[in-house]
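The first chain written gets the first letter, and so on, giving A, B and C; residue counts start at 1 in each chain.
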Amino acid sequence: MAGVWILAEYIEQSKELLNVGRELAGQVGVELAAWTWDAAWADECLAHGADEVFLLPPLSVDQGLDAYIRIIAEKARTIMPEIILVSSTLKGKELAARLAGRLDAGMASECQGLRWDGEKNSLLAERLLYGGAGVQTVSCLGRPQIATVPPRTYEVASRSEAKGGRLTEISEQPSSPVAILERKSREHQTQDITRAKAVVCVGRGMENQRDLEKARKLAGLIGGEVGCTRPIAEEMHWMPEDTCIGLSGKIIKPDLYIGLGVSGQIQHLIGTRDARIVCAVNTDENAPIFAGADYGIVGDLNEILPMLLEEIGAVKK
Amino acid sequence: MNQSLRGDVEMPNILCCYKWVIDEAYIRTGPAQALDMSVVDYKISDYDKNAIEEAMLLQERFGGSVAAITIGRPDDTKGLKDALSRGPQKAYFVNDPSFEKLEPAQTAAILADAITGRIEYDLILCGEGSSDLYAQQVGPRLAEKLGIPCISYAVAINVEGSRLKVERKTEEGLEVVAVPLPALITVAPDINTPRIPGLRDTLAASKKPVEEIGLTDLPGPYEARIQTVGIKAASLTRNGQKFSADKAGVKALVEALQKDGAL
Amino acid sequence: MDFKLSEEQELVRQNMREFAQTYVDPIAAEIDENSRYPEEVIKRLGAMGWMGMPYPAEYQGAGTDYLTYAVAVEELSRSCAATGFTMSVHTGLAAGPIFYFGNEEQKKKYLTPLCNGGALGAFALTEPGAGTDVGAATTMITKDGDDYIINGTKTFTSNGPNGDIYVVFGWTNKEAGGPKGMSAFIVPKGTPGMSVGGHFKKMGIRASQTSEMVFKDCRVPKENLLGQEGMGLKIAMGSFDNGRIGIAAQAVGIAQAALDESISYAKQRVQFGKPISKNQAIQWMIADMATEVQAGRFMYMYAAWLKDQGLPYTKEASMAKVWCAEMCSKHASKAVQIHGGYGYCKGFKVERLMRDAKITEIYEGTSEAQRMVIAGNVLR
């Protein structure tokens, strides 16, 4: 009965976790189970590879996910899964840590990579530390072994209509001393570059402050925000301090980062290393940023930027 | 809970947790992809400064008391002075030479044992995570061990009688929640801007009381639940595919981005 | 010998560093460009207890030792030499004379506001015809009943335009000559007969306000006499001993900033396919810079430590001042060299550092005057 459990705040991440979950379950030799609170979601989990789904009762309007902690922990005590994977959204992280606290379990946070060590009988996780300067490999001891995984670390598991699986309904009612009084949606915050899916970063190589407008336009096209390197804010005062990206500024983890005239000093690159795709445009072919970029163009921003705007504008239509 | 003479506004006793960490700005990459820690300095973990600041702001608004607590080795005394210079009236120093490179399960267990039966509190504040490991576990774990509710990633805290009204971050935006005291809250860095201690505050820090708690004062043992198998410098190198600086090159770049699903 | 700063001293340095990064760095270039007195920063320094560091709590000073104060001056000067100097002149040359030579009433009335941020201090000794040659002064101070009347012109008065409390020197007994003829008086702003004269447009430390002060039948009560008549030169020289430690610290701060900038630039400037930090010539320049900044730091700290121990420190303060000033001028220039053309342009900190550095060789006793002091001491 013991197995690999997955838990996520959103269905998309459930599907991602089922992917790595299936791999781990195979290595450990156990079943894969998912937790959710919605019947349609439960069906999707089964279709994406879960052997079993635990279906929790729905929350009342003033309850949050924390109302499930006690229930999940109790079940974990009886079943003692090998591994519990939780998607590290804000609530997911809290939930996972509290579960770990209740179960006295070891937990690896924000793992970039997971694998099972058959010899040690433990989960090996890779994660960043020291503000991104280092990569730590941790091994979880005891049972269960808990790990949180950032959204989009894994691809969504493949879907198969034919897949069967068990649905286990949980009857205990969720409860929590915390009451949600109000929910507010995020307004589109300009300059909240830490949450942006895409970031255009402006560096010293941008000669004219007027070109900032083009950078903003580019950011708008890719659905992102504009950030900058420290000299742009601190020395040239073209942009506010809180848009600085780097060691002493913001650390960002966008899907796409485009550096315009950014040389790529280490203090800046540390802030961008987690970007999924890094693009750079710079006149200096020896600029360090190219070593840390997936795609680069050695060229003059005055020529390249308008071309970029045109091409991306075209595909976005 | 201290009952205010004024009647309705309660004055909470606040305990804020801080960690004395390696200042990552001083870490360098050594040979063979190892991390070079030879010139590192230490600091109070950045988000813990937000926690201490929030405790002080709450005290300024609602009264009560603020104490700081930390776990470390016996010579980590500079952190105590730093923390006390930021406002708390006293500090608890849980120390032992073995308290080095603790992992979150241990930290939470030690804190819980140090607090239970020894320190009166209404509210415990923690940073959302530490700037060295950033595991973001200690706050929630500690709450569970103490059997109190936990709110994480808070951006605003208000005391309303014997409960707190807290605004916390979610993936979609914000939630306003009500939670009874005692409770534990982890704060997001957006919640405030930590004050820069003035000279007088720094000089006064050495005169504030520090209560030491040793390993022998605690039940123990504190076994690690995770083990670090290895640490290496993060590698920044990537693909490095270059495109020509003309229309064709830009077009090819955009196509590659599309294929990657980045557009 | 304990070469380590105490934890408290390290925290003080850290606090000043944070203060400077938060409030001074963002405006340093602008206040230099516009010769603007950073009033808001000085007020904040005062509010947070930084403007009367080495003076006792009974006058609302922070009661630190002189070493701690000097470290704070270095750290502030690292961000902006002008701001560091404003603090140093206020603390050492204005508050200093009142603390060391003033009576209880004077300390309560004048030292307290200088320490708690309520007032900015200034020091008016130098005259158009009397720089190193203090005895060539022509300011006359005549007794008139229970008052004294000051007539004369002072120049290069730092904090002159914005000062609230001035320490002014002049002849009360010209015939008695230098060591016995001058006296020092406390003159508060707004005293009739005292006016701020022409402002100086300077090469460097431009945010520090420097002006002439004109005294025409300026009447001050006898209660404002510092010490006794005739103690003027002694008060001036004593104040310089302290002030020099501050200037040495300021110079080290400037040199440290030059080093910081040079290291950062050398690592990122790529020529001939590699960062210039890989070139031996640049490496040696930076090595020398680092070595001499370290040496300078120990020199001013030693002088401060001697003072804190109650030991004689005049020679060491002079040595620190002359050496650190010449060191920082040299290395600020090297820093510009490392930056190449960019170092010569506005927008790069080293351009300002080089201009700021020069004055440290001149004020509070020129390098030549320092050498006289040292030689006089060593060849005794």
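The rule is short, and it goes like this: a residue touches a chain if its C-beta (ideal position, glycine included) is under 8 Å from a C-beta of that chain, and two chains touch if they have at least 3 such contacts.
The shown structure was predicted, so the numbers you read here are calculated from the model rather than taken from an experiment.
Chemist: What chains touch chain A and also chain C?
Modeler: Correct list: B.
Chemist: Taking each chain's centre as the mean of its C-alpha atoms, which one ends up farthest from the centre of chain C?
Modeler: Computed centres place A farthest from chain C.
Chemist: So which one's got more C-beta contacts, A-B or B-C?
Modeler: A-B
Chemist: Please list the single chain whose C-alpha centre lies closest to the global protein C-alpha centre.
Modeler: Central by C-alpha mean position: chain B.
Chemist: When the C-alpha atoms of chain A and chain C are each averaged to a single point, how far apart are the two points in Å?
Modeler: Each chain reduced to its C-alpha mean, chain A and chain C end up 53 Å apart.
Chemist: Between chain A and chain B, what's the gap in Å when you average each chain's C-alpha atoms?
Modeler: About 21 Å separates the centre of chain A from that of chain B.
Chemist: Quick one: chain B and chain C, Cα centre-to-centre, how many Å?
Modeler: 40
Chemist: By the touch rule stated above, which residues of chain B touch at least two different other chains?
Modeler: Within chain B, no residue contacts more than one other chain.
Chemist: For chain A, which residues count as touching chain B in their complex?
Modeler: 9-10, 64, 66, 89-91, 93-94, 97-98, 100-102, 104-110, 124, 128-142, 176-187, 198, 222, 247-248, 255-256, 266, 269, 273, 276-279, 290-300, 303-304, 307-308, 311-312, 315-316
Chemist: Name, in rising order, each residue of chain C that touches chain A in their complex.
Modeler: For chain C paired with chain A, touching residues are 25-26, 29, 267-268, 270, 273-274, 347-348.
Chemist: Name, in rising order, each residue of chain B that touches chain A in their complex.
Modeler: 22, 24-25, 27, 29, 35, 103-105, 108, 131-145, 149-153, 165, 168-180, 186, 224-247, 249-251, 253-254, 256-258, 260-263
Chemist: Note which residues of chain C are touching chain B in the complex, please.
Modeler: So the residues of chain C in touch with chain B come to 7-8, 10-12, 14-15, 18-19, 22, 47-50, 53, 62-64, 72.
Chemist: Which stretch or stretches of chain B touch chain C in the complex?
Modeler: 77-78, 81-82, 85, 196-200, 202-203, 205-206
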